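Shown next, in structure tokens, is the structure this report addresses.
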Amino acid sequence: MNRLSLTLAAALAPLGLAHAAGGEAPLAPTALQPTVLPTAADEVTFKVYYKNALRVDSSDGRTKLKIGGRIFNDWSWFSAEDALGTHEDGTEFRAARLYVSGTIDERYEFKANYDFASTKAGDGGPGFKDVYMGLKKIPVVQNIRVGHFKEPMGLEELTSSKYITFMERSLKNNLDRGRNTGLMVHGHNKAETMTFAAGVFRESDNFGKDTSNSGYAFTARVTGTPMANEDHTSLIHLGASASYRNHSDGSVRINPRPESHLAPKYIDTGTIAADSELVYGVEWASVHGPFSTQAEYAINDVDGVSGGASPAFASYYGQVSWFATGESRTYEAGEGAFGRVKPKNPWGNGGNGAWELAARYSTIDLNDDTVTGGEQTDITVGVNWYLSSFARTMFNYVNADVDGVGSADIFMIRFQIDF
Amino acid sequence: MNRLSLTLAAALAPLGLAHAAGGEAPLAPTALQPTVLPTAADEVTFKVYYKNALRVDSSDGRTKLKIGGRIFNDWSWFSAEDALGTHEDGTEFRAARLYVSGTIDERYEFKANYDFASTKAGDGGPGFKDVYMGLKKIPVVQNIRVGHFKEPMGLEELTSSKYITFMERSLKNNLDRGRNTGLMVHGHNKAETMTFAAGVFRESDNFGKDTSNSGYAFTARVTGTPMANEDHTSLIHLGASASYRNHSDGSVRINPRPESHLAPKYIDTGTIAADSELVYGVEWASVHGPFSTQAEYAINDVDGVSGGASPAFASYYGQVSWFATGESRTYEAGEGAFGRVKPKNPWGNGGNGAWELAARYSTIDLNDDTVTGGEQTDITVGVNWYLSSFARTMFNYVNADVDGVGSADIFMIRFQIDF
Amino acid sequence: MNRLSLTLAAALAPLGLAHAAGGEAPLAPTALQPTVLPTAADEVTFKVYYKNALRVDSSDGRTKLKIGGRIFNDWSWFSAEDALGTHEDGTEFRAARLYVSGTIDERYEFKANYDFASTKAGDGGPGFKDVYMGLKKIPVVQNIRVGHFKEPMGLEELTSSKYITFMERSLKNNLDRGRNTGLMVHGHNKAETMTFAAGVFRESDNFGKDTSNSGYAFTARVTGTPMANEDHTSLIHLGASASYRNHSDGSVRINPRPESHLAPKYIDTGTIAADSELVYGVEWASVHGPFSTQAEYAINDVDGVSGGASPAFASYYGQVSWFATGESRTYEAGEGAFGRVKPKNPWGNGGNGAWELAARYSTIDLNDDTVTGGEQTDITVGVNWYLSSFARTMFNYVNADVDGVGSADIFMIRFQIDF
């Protein structure tokens, strides 16, 4: 702190800015002696600002807090063959979250994110999303996290619902396991060309609780960008993940929605009593300026089924997207996932926002061995209007086809804001 | 930014105040060169303060955030004839809300307000209150809002529960429909002597969800102040609203509480299978210094009832109130509704707060055509002690009389704070 | 405000720091005239910082706000005799809270603290923790509080779960009544060597509601420190509390968990129809540098049981703890309870945090008069690693023994952060 700083510190004190001038040392110039001496707690100052969240950062960069949330309001209209069940047009809040998160003293982190939309019927209460604490800058493993958060499986899964290209993740996402309660280490290399994550989890309920005695799951993922330019407007992402899931007494059920949250579920393995599962998959994505491709393939091996069966279920999707307004998808290299899209000319500031066109082909086969869960293929076409970096409107048309049963046409709109 | 600003900017940077000094331009004086250069995100500064909410405002006035909530703790005692059902004295939290709201970049708005009191039994979870997003400064329609918020019907309904004169809204409020999920345009003329609002809604549950296939509701309201002085201490408010509610497969039920939330419901139309409803009403209010009057009248026409019935239910109330301590009710001209009362001499700062006396007559007739739901008349007397602009204690006595059945005497106290 | 302040005020205004410079007076030096004049609302400035919570304090010290929360993630393993019921290893969030609290204008206070972990099964929703409002600096009674908060009973109960020595409070805590909805006066003498609290409550549900018509409870507590040095590293705490609980139509049931939240309940009085209860107890604690002792004894007299029975249940515990790293337990003299432990050398700043060893003996006897609820004795050994003042990991081993039935060995880990 130079001499002028000290002078200013003294001058600012009586203005109620004493905390901004900081320092425990007695301030030198007597004429400027502050009437209220700064206390020890004042040595670090804090900056408050709004940038996609309310943020409070300490001047030493060691403590950073965020308060924010998201609201997704969806509207759906259906035209489906009767064989696929009852469809009711409607509206719902697909997400209505509030969170507080932060890094404290550089090496501690926490997040408390709750979804008031409570779309898991019957569970009540706001569902737990990310609710965890962690330590950072740990030798070898880099970061340790404990609590309720996403198991490291799948590019689509690990990309926030704020940033995914379509309103719902693909059929393949039913083989990922989303959030559970566990302990995970994770990190990336210095150049951020490679990430890793590995953890042990229990399959827990909407509040992060599990006492089912069903054992533990071990899940790991690695990703890399074999090719990437500096600002990530041109890159190739590759990833692989695997999860061994022990169920001494447990069961497996895969029962996907047709990429529409208000639609009924068309196919279903039913409950399969099983000893364990092995789920493994690979990820691909590429960005070439405004153009992007993305694909994932995964297999879910179920073992120890009574009668000696060992069914394996496969699923994959492929998608393309293009920004008519010239933006690129944003890649978070340290996470191995996609991030926030920033329109070049946001609406409300003289621009019209960003417009993205996208299409996806997605399929899952739940018929194998003794299981006849059904086979479904969805084709989705989407138009996204990013008004700004924090608000978008999504239009999705889905054609869902269940092999040998029937098909449905689904039209959906999402109004989305995050704050 | 003048020369001194730049000098200060440079000086403040090493103090951790760099963000306050802002600007992307390189700072001139070399001796004062900051060690950490301000980034682009720093060009706007933010002011944090507390005023009936925690507030964060940007220096350019384009972004404003609020974090706050309210707590209402009610206590009730009953003396009722047996014919009106079982009454149990008790206590409850009539509201326990937290919210985050804001305007971002001048033209976006959002609000996420949840009620933890969860007084809608059986629905679980914190109920959705205002949970919406919107765009502002739109040509012609002025503002567009989408999400879960109040349909534009009724002066009492559109006045916040923080500011209504009695602990509960009147019997007439049962013909208003409160919050549902929809899309609305709204605004006011430049002089704020007239407001308008019109929207399309689905009748949704406690989480803003509806898949009942019961169709859409179209609701609109206009208000005006044909007479008003500048500070609104003397004014006349007039308003009218109408709602056409399509129920292809739906039903109607009106089942009011006796202006006491812990009391049982005395009268009930029962569930009426119906094709549609038309609800329309008119509003009156006047302020004359400390004295105020308010009245509303509404009719609920139910159509397409089986057997060709077409019952219409009418309800109205009239109320008077007087501030013994000289305050006036606050009128929010841009909203066409009443707002926060500000005591001249708040308690805790040498004063005794504001004292208000009020009385209301309220009636609803649910007997018409083939429906015999009952007829009820309530007389309420209230004393409100506004300790400050954010804390009040309310005392309500209600005499509820159900025609031909019996009557109840109800005494209630509310402890209220909003923050 | 001296002359330099004014000069700076003017200089800071165009930087967006006008609010920091404050004051309604016109600013003198014309060359520095601010382009945006500070408004009346700007007269008080606010300081934002993070210290075990996000805090906003006004420069006049009259308004102070906090936003924060806590996350406790527990893992449990059991080895129990069959006679004690089914035990499943598992994980849960024992707490996942968010709160906003504050003092406004020096004489008003509020707290809104909700637990999203919702561990009270069946009640749904985030449970109410402290949800209250209050007035301060009242003659004679000092502070008045109304809402949902802890009845003044028991040192362990009134010490926050963030600061208790073991993962769960002792068996004796089942005679305390935790949080209910009521009205309380509380305070302490000037020297903070004595505290008092007395209130009237209704036994309310997870949302602070009660309409059971079961009457009121009157509860009071006094505490003192007959011996204490200035920084409270050496002290003796004594306390006593009593509660008279009227149940005209009510019942009593004591049904403790074995100091492990995921374990089943071993002993149970069953539901005892009773007219009233009298619960009274005494508290002891001592601190001698890193060494501490604590003990409580309470009796629950149940009266008006049918058949003339009048059973009394007794429970007590004693515990010792020792900081291997030299810290002392923190005593909050104004509350008569223990507070936040501050490690001398926090982890992450070159230190290893604080390590505490502790042991507890705890017993409850639910056999008396006509009631044979059972008798249980627990021995707990704990190791606490306080990484910092806001993060700790707890390891607890409990041996629970039910007289004449069987015993259980329980091992538990808690990962705890508060923010």
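Every chain is named by a letter (A, B and C) in the order it is written, and numbering of its residues begins at 1.
The rule is short, and it goes like this: a residue touches a chain if its C-beta (ideal position, glycine included) is under 8 Å from a C-beta of that chain, and two chains touch if they have at least 3 such contacts.
This structure is a prediction, so every number in the text was calculated from the model and none was measured.
**Student:** Just how much do you need to spin chain B so its Cα atoms sit on those of chain C, in degrees to the nearest 5?
**Tutor:** C-alpha superposition angle, chain B on chain C: 120 degrees.
**Student:** How would you label the chain A and chain B contact, same or different, if same means the shared numbers make up over half of all numbers there?
**Tutor:** Counting which numbers both chains contribute, under half are shared, so the two copies meet through different residues.
**Student:** What's the distance between the Cα centroids of chain A and chain B, rounded to whole Å?
**Tutor:** 34
**Student:** For chain B, give me the residues that contact two or more of the other chains.
**Tutor:** Correct list: 44-45, 48, 67, 98, 124-126.
**Student:** What residues of chain B sit close enough to touch chain A in their complex?
**Tutor:** Those residues of chain B that touch chain A are 11-12, 14-17, 19, 32, 41-42, 44-46, 48, 56, 58, 63, 65, 67, 98, 100, 102, 104-108, 110, 112, 114, 124-126, 128, 131-133, 135, 146-148, 181, 202, 204, 207-213.
**Student:** Residues of chain C touching chain A in their complex?
**Tutor:** Its residues touching chain A are 1-2, 4-5, 8-9, 20-22, 45, 47-51, 54, 59, 67-69, 71, 73, 88-93, 96, 98, 116-119, 124-126, 262, 346-349, 387-388, 390-391, 415-417, 419.
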